[in-house]
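The chains carry the letters A, B, C, D, E, F, G and H, assigned in the order they are written, with residues numbered from 1 in each.
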Amino acid sequence: MPRPYVRKLSAYEQEPVAWSIEGFAGGQTRPLSADPETGAATELLELPPGWRAPPGRFRAAIELLVVDGGLAIGEYRLGRFSYSYLPAGVTAGPWSAADGARVVWMPAGRQAFDAGRDSVPDAQRERWIPQIDSSALPWQPTITPGFPVGAMRKTLRVDPDTGAGTWLLGMLPQVRDTRREVHPTAEEGFTLLGESHSERGVSRAGEYFWRPPFIPHGPFHTDVGVLTFFRTDGPLRTDYSWPGP
Amino acid sequence: MPRPYVRKLSAYEQEPVAWSIEGFAGGQTRPLSADPETGAATELLELPPGWRAPPGRFRAAIELLVVDGGLAIGEYRLGRFSYSYLPAGVTAGPWSAADGARVVWMPAGRQAFDAGRDSVPDAQRERWIPQIDSSALPWQPTITPGFPVGAMRKTLRVDPDTGAGTWLLGMLPQVRDTRREVHPTAEEGFTLLGESHSERGVSRAGEYFWRPPFIPHGPFHTDVGVLTFFRTDGPLRTDYSWPGP
Amino acid sequence: MPRPYVRKLSAYEQEPVAWSIEGFAGGQTRPLSADPETGAATELLELPPGWRAPPGRFRAAIELLVVDGGLAIGEYRLGRFSYSYLPAGVTAGPWSAADGARVVWMPAGRQAFDAGRDSVPDAQRERWIPQIDSSALPWQPTITPGFPVGAMRKTLRVDPDTGAGTWLLGMLPQVRDTRREVHPTAEEGFTLLGESHSERGVSRAGEYFWRPPFIPHGPFHTDVGVLTFFRTDGPLRTDYSWPGP
Amino acid sequence: MPRPYVRKLSAYEQEPVAWSIEGFAGGQTRPLSADPETGAATELLELPPGWRAPPGRFRAAIELLVVDGGLAIGEYRLGRFSYSYLPAGVTAGPWSAADGARVVWMPAGRQAFDAGRDSVPDAQRERWIPQIDSSALPWQPTITPGFPVGAMRKTLRVDPDTGAGTWLLGMLPQVRDTRREVHPTAEEGFTLLGESHSERGVSRAGEYFWRPPFIPHGPFHTDVGVLTFFRTDGPLRTDYSWPGP
Amino acid sequence: MPRPYVRKLSAYEQEPVAWSIEGFAGGQTRPLSADPETGAATELLELPPGWRAPPGRFRAAIELLVVDGGLAIGEYRLGRFSYSYLPAGVTAGPWSAADGARVVWMPAGRQAFDAGRDSVPDAQRERWIPQIDSSALPWQPTITPGFPVGAMRKTLRVDPDTGAGTWLLGMLPQVRDTRREVHPTAEEGFTLLGESHSERGVSRAGEYFWRPPFIPHGPFHTDVGVLTFFRTDGPLRTDYSWPGP
Amino acid sequence: MPRPYVRKLSAYEQEPVAWSIEGFAGGQTRPLSADPETGAATELLELPPGWRAPPGRFRAAIELLVVDGGLAIGEYRLGRFSYSYLPAGVTAGPWSAADGARVVWMPAGRQAFDAGRDSVPDAQRERWIPQIDSSALPWQPTITPGFPVGAMRKTLRVDPDTGAGTWLLGMLPQVRDTRREVHPTAEEGFTLLGESHSERGVSRAGEYFWRPPFIPHGPFHTDVGVLTFFRTDGPLRTDYSWPGP
Amino acid sequence: MPRPYVRKLSAYEQEPVAWSIEGFAGGQTRPLSADPETGAATELLELPPGWRAPPGRFRAAIELLVVDGGLAIGEYRLGRFSYSYLPAGVTAGPWSAADGARVVWMPAGRQAFDAGRDSVPDAQRERWIPQIDSSALPWQPTITPGFPVGAMRKTLRVDPDTGAGTWLLGMLPQVRDTRREVHPTAEEGFTLLGESHSERGVSRAGEYFWRPPFIPHGPFHTDVGVLTFFRTDGPLRTDYSWPGP
Amino acid sequence: MPRPYVRKLSAYEQEPVAWSIEGFAGGQTRPLSADPETGAATELLELPPGWRAPPGRFRAAIELLVVDGGLAIGEYRLGRFSYSYLPAGVTAGPWSAADGARVVWMPAGRQAFDAGRDSVPDAQRERWIPQIDSSALPWQPTITPGFPVGAMRKTLRVDPDTGAGTWLLGMLPQVRDTRREVHPTAEEGFTLLGESHSERGVSRAGEYFWRPPFIPHGPFHTDVGVLTFFRTDGPLRTDYSWPGP
């Protein structure tokens, strides 16, 4: 998944560009990272009040997280920090954002849309997640042995084929890890709330990174607590070392 | 599994119709839901006192739950809330209901019977469950993270190929979940005892539903406790959101 | 606590008698058990719609459980299965039952009331429990080693001096204990919901007993589940044996 | 502990008044709550850069929490969210705040200071807590059965005589309790970080309350997470009910 | 509790002697150990078929364990491995052994009996254990840290004043501890079933010991499993060492 | 796996017959059960003192449990209750029983032996278990939910292809299960120590059964404890019901 | 317990001085710390081969830990890292060290010895610990919340009156705590094995400290693992902060 | 995996031999074990100060553990007890050891190096572990049921294809296992710190063994604690027996 390394950027400071998917909708988006080869990307979509799109299906899977406002997909009404996963070829919609919305939009490949009410016959409809309101999920223990106490996670999705994961990580104030981490997978993160400190400096709401595999990072700490949206492209493994002098 | 959506009905208020499987038996049944294409169905069978049927095998698997009276299948004597799973082609019987019985009868396909004492050679006999008396099973923790405390389950079967599940869910009085659920599988339920409240109104013994995948439901609560028989057609996954206004 | 043994009675079939506490209120009550020496008692009070009583304090502690309707004590509004403990000399009220109420009323001694807004100086006000709505308590594990799985409790009060306890015990359907129990304390129980079977026969809502120490009882089982309100006059200890032939 | 009820105030909006303890130091303070009879109080002290006070002992115990800046007491250097408990008659100091400090200052009685290096002979020196840096404490489970998952605590002190407690409560974003609570003890709280919502409205850093026993409060929730400093004057017991309509 | 050290004896090989308690009953007994000063003792009583004694009370507490046959004490019918504790001054009975019985009889002091149906006024009646049928108790974990896995206990009594304990210890086959133990309390044991090996040689049913405090013992193992009845005269503490060469 | 049903027999009462495997050894054996088609069997081998056999390999896997005496296989010395699994084609030995031995001998098929020191090239040597001395294994929890407390197991082998299992089950005295069990697998058992009671009557050391799938059995209890060697031919699943009247 | 602060010393480098207790024995000792007022002390006793002392009792309690060689006290033979506690007035002995021994000797007060075989009548004999061989104790979890994983303890004694504790603390290699600790009790430590690093520098076998209450210490780490003998004079409480710059 | 059995050797006493891999580097190495057929080996490499090698890839996977000094591989700086796994065909480097290093070097096959910055296209790059500093890993429970308490592990790698494992095992002082073990896999060990005793005698830092499958070993104990580096070539299974006389 050869996206260029995005060490750190502030999503809200990215210049918006025109966004359009034929037959679906247009508008503005702030590109965060993209794979020029496959078209897989992460962007911050800004849907104006009254935005609408017809029902239909995408040719590559879409993951999305609403970060502000509200988005209706068919009968499902996604508010702040609500998540959806739409497999390739599964139909959904109509789409609308009566009061506008900001959405982290994460297509798994080149975006193409086919309007209509029917899913492609062999689409993996049972993998569809029409809506998870993260605030309705219970906080759960983290999965990395030795991860600091005071951090908890809400798992949104684990891909049964690749082990790729999508989750929220919450940390209470005063959580600290003095070690350096390396993962064998790419990892991207979007800070939703609070503030944390790491080798990348301070991260606040809207901070984004897409880090290729095997880039050491950390240590980190948060004085005031932090909520971050994470994705990997394979099973999360964390190897630890101490930061250099 | 395209059965039509049965949002809610009272099994005992359904009109009984004639029931017969050639070579097996006849009588009356109350249809609850059915897949017109495959013949898979759920019905409430009413076996009169003295009912009998010969030993033999079905061409599609049968699940059944006795809800009143008693049913003998060969040497196995199934009383109230006893369960059986008979794989396609596995022989069982003779069948009888000396004092009559009401049985939730759940064929996995078009019903056809071949009398005889031998199973089909490649029948999956090791999957046969001749009898589980649910009252002899220990109550076990529920399997959904964050499910309300005070609910417990008795697992009756998990299909090793599809992950489809069959279980009893018991809830103590005063159990409540204020969230809305969505499953990627069809789910059907038959209330056995007690009373619960949900977006479908009040449910008491005999209430039945067959819900297609991705239909939001909930919240629910029970003031007096409730015992429900559940089935899904795939692995149970529960996505949560809050009910709309 | 030498109340006469009440093996089993149906509270709702007891003949109501006049109830009055000077300066407080009058009405009707159904006596369930009483200690003729100390005046400690358990009764089922029936408060008519519009019932009222002034603020004030009792000379002996009062425990109460609302079983129907609603009772307001000062700012606290107790609905069905709400509980209160009022220590001797602690003032509370005014009292009212706008729509009427049925209340299990459990004075710890002879009932006498002093109207007024001040508590007695050395009253143990920190022991006051103005209101527990049992439906807002989480179900918790039972405390007796080896008690059947499927039973859970909601602790309402434990007396720090005597170890006397007050709690709700809920059992899921199909819970069964084949043993006989003996306690070194008196125990009283009032069935709130469901149905259980024991050596005393069937118990349904309104069934009451007051059992002196060292009377063997059991085995018991419940087919449909049961919710019972319990009190002991000391720490609960359970000694087990098998029922005789 | 008859302090007047402080339902909600913003500490930083309180008018500062002159503060002086003879022989110790002067300056400014923002009174938050006080018991006119005993002199026990909670105030927000503002120590200017360069503030100093000699070593000595107080005639009533002092609890303090640094909320900004730094405070040196003898060899102990207390930074942000550091806590100290100084029993009556135990000597400590000299005191200084080189860069100034804001301190929640909680004397247990009328403030009087005796300079000197010796503790009173029978002072309970083993109860002295010269310094806890809360950020060095591990987050621990909460102690109330049924408290929402996602909340954790850091215990600062439990009084062995009275059971009075002092602790930090941290909540991750999206934590919610829909119930109403009552405690038999007075409780005071000072919001340190984040934001929560309750029947008192929104609470942000600097929000303070001192609530007498038996005042119902709640429900509450936090969207963004919250860190609060709490004290009770006796063992914490929480009785639950549902909020009224 | 200065009983002479009984290192090991076989109860069934002890010579029976005449047994009588004035006003209660006579018969035969096999003395196992005794404190000549206080009269506290452990003996193996043999009650012939048809044995009877009137109701009444003892002046010193009695513990007993039925090892064969049956014993009725009032309404309580004690079979094999049933236990009872009768505090001093608490009345019980009438007593009978219709088919005879062998009973481990353990008076806490000089035996004296007062016939009658009333307990002494200040007798600790709430400590009475009329009957525990040990086979109705659940097996529980042992209480000594590091005790071998495969051993479990059934607690019969813990004295709230002295910490003295009475329990059954069961060990599965192949349980082994290679260490040496010392206790600060006297300990006595009576092997009920199976066989174990220790520094005392082989122990089978009927083996008895009364060991003063601070006598090292062990290691032990059992090839076939063993069930032993134990008593201490204070809280059990186990100090470990390795056996000498 | 069509061995004839062996409901119950006493191994030690079976008539010994001549035993010989060409090139390996001869002697006597007591047949317990056998599959006439495949040659899979369970027998009680009696090896006289001084018995010897050369190193080599079997054409079908062998499981064995020494129940008396000792057996040396190459450098491994198996004593009482030691277990070995020898995959087909894996060479082992030389074999000897200096002092004689009794061995439960369980070939997976027709017995044929090829002398020599080399294993067959594709033999599954990593599945070889040359020796487990069961007395050196820790007791572990049982794996069936709701199985009685007081029972523990020592797992000897689980077949990675079929899920077939071999284990010891130990029960403390007074363990009891009042239910009836059914398994979808054949199960065989050989009582090693102690005594249990079931619908088959009393079982003591040497009792053997081979039960086809789906034969109900139970309830059972043990007064004195019991140790049993078990095998199934597939994954153990236990379905429960109550015994009929 | 006003012993002077011993920040760090190497026991083996202390100058030995003459040691004698009248009527008991003489020899050499290396004083480590002492309370000049009460006579309580910690010293490293060196007993030459063949050393002997008669049986008798001390007027103040003695704790001791053998660090080299062997010590016999009556029938108890204490080897390396064996511990004993002898309450005041309890008789023990005769004493001998056939091959010599080094012993950490910790009298609770002025040392005085009365030869003889009888304990003082009211001596707390049940508190006597004649011998714990620490290598026969199981390693147990540490008791301080948040203490680093990889450290475990073996509790030797907890004083029931004062809460004073004596224990071994073992740490695996690579254990590290970056925080600073303060205790309200005096603490002393004697390094037995391995090596650790702290603000006191490197500690190896024989390193000793006696630290008054409220002296901050830490952080610490061990690269190679460490075993330390610890004592406090009251209940251990640990308050954490971060080390200063 | 037919390396010759290395029962025990001291790595530091092995004669160093010339080491060179064409295009990579030369120097000295001490061979510990090797498979003459595949070239898989374990050796103790000694890199002189200033050692360097270019970036590139190996044709067989390399595992390495730094035991002294430091090794830089590209941006990763491995200090004492740091570990790396480099899959075949994955490029890494440049390599350097500014201050020299001793490294346990474990190629999975014949060593051959191709300089360059690109990995082979189908190399399993996601299995690369560039660096684990073992001192930054948390100690975790051991995985063998019944393994002695006081031992913990740090897992470095588990091969997803073969189950082969690499880990550190730490034991506190006084850990002991009296049993004999057998594994179905080859196992090699390199003692890093401390000292242990087994049937091979004493092991101290630098002790090495490579043991073929099915060789019994043990018992073992450690008086002072021990840290060992272990590898197996398949899933670890441990079969226990008692050591012979």
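We adopt the following convention: contacts are C-beta pairs under 8 Å (C-beta built on N, C-alpha and C of every residue); 3 or more make two chains touch, one makes a residue touch a chain.
Being a predicted model, the structure only gives us computed values, none of them experimental.
Of all residue numbers seen at the chain F-chain H contact, under half occur in both copies; the interface is built from largely non-matching residues.
Checking F-H, B-C or A-D against A-H, more than half of the residue-numbered contact pairs recur only at F-H. One finds 39 Å separating the Cα centroids of chain E and chain F. Distance from the chain F centre to the chain G centre is 54 Å, each centre being the mean of its Cα atoms.
If you average the Cα atoms of chain A and of chain E, the two centres end up 68 Å apart. Those residues of chain H in touch with two or more other chains are numbered 135, 138, 146, 149. Residues 145-146, 179-180, 182, 184-185, 213-214, 216, 234, 239-242, 244 of chain G touch chain D in their complex.
The touching residues of chain E, when paired with chain C in their complex, are 75-77, 82, 125-133, 135-138, 140.
Those residues of chain B whose C-beta lies close enough to touch chain C in the complex are 81, 134-135, 138-139, 149-150, 152, 170-176, 192-194, 223-225, 227.
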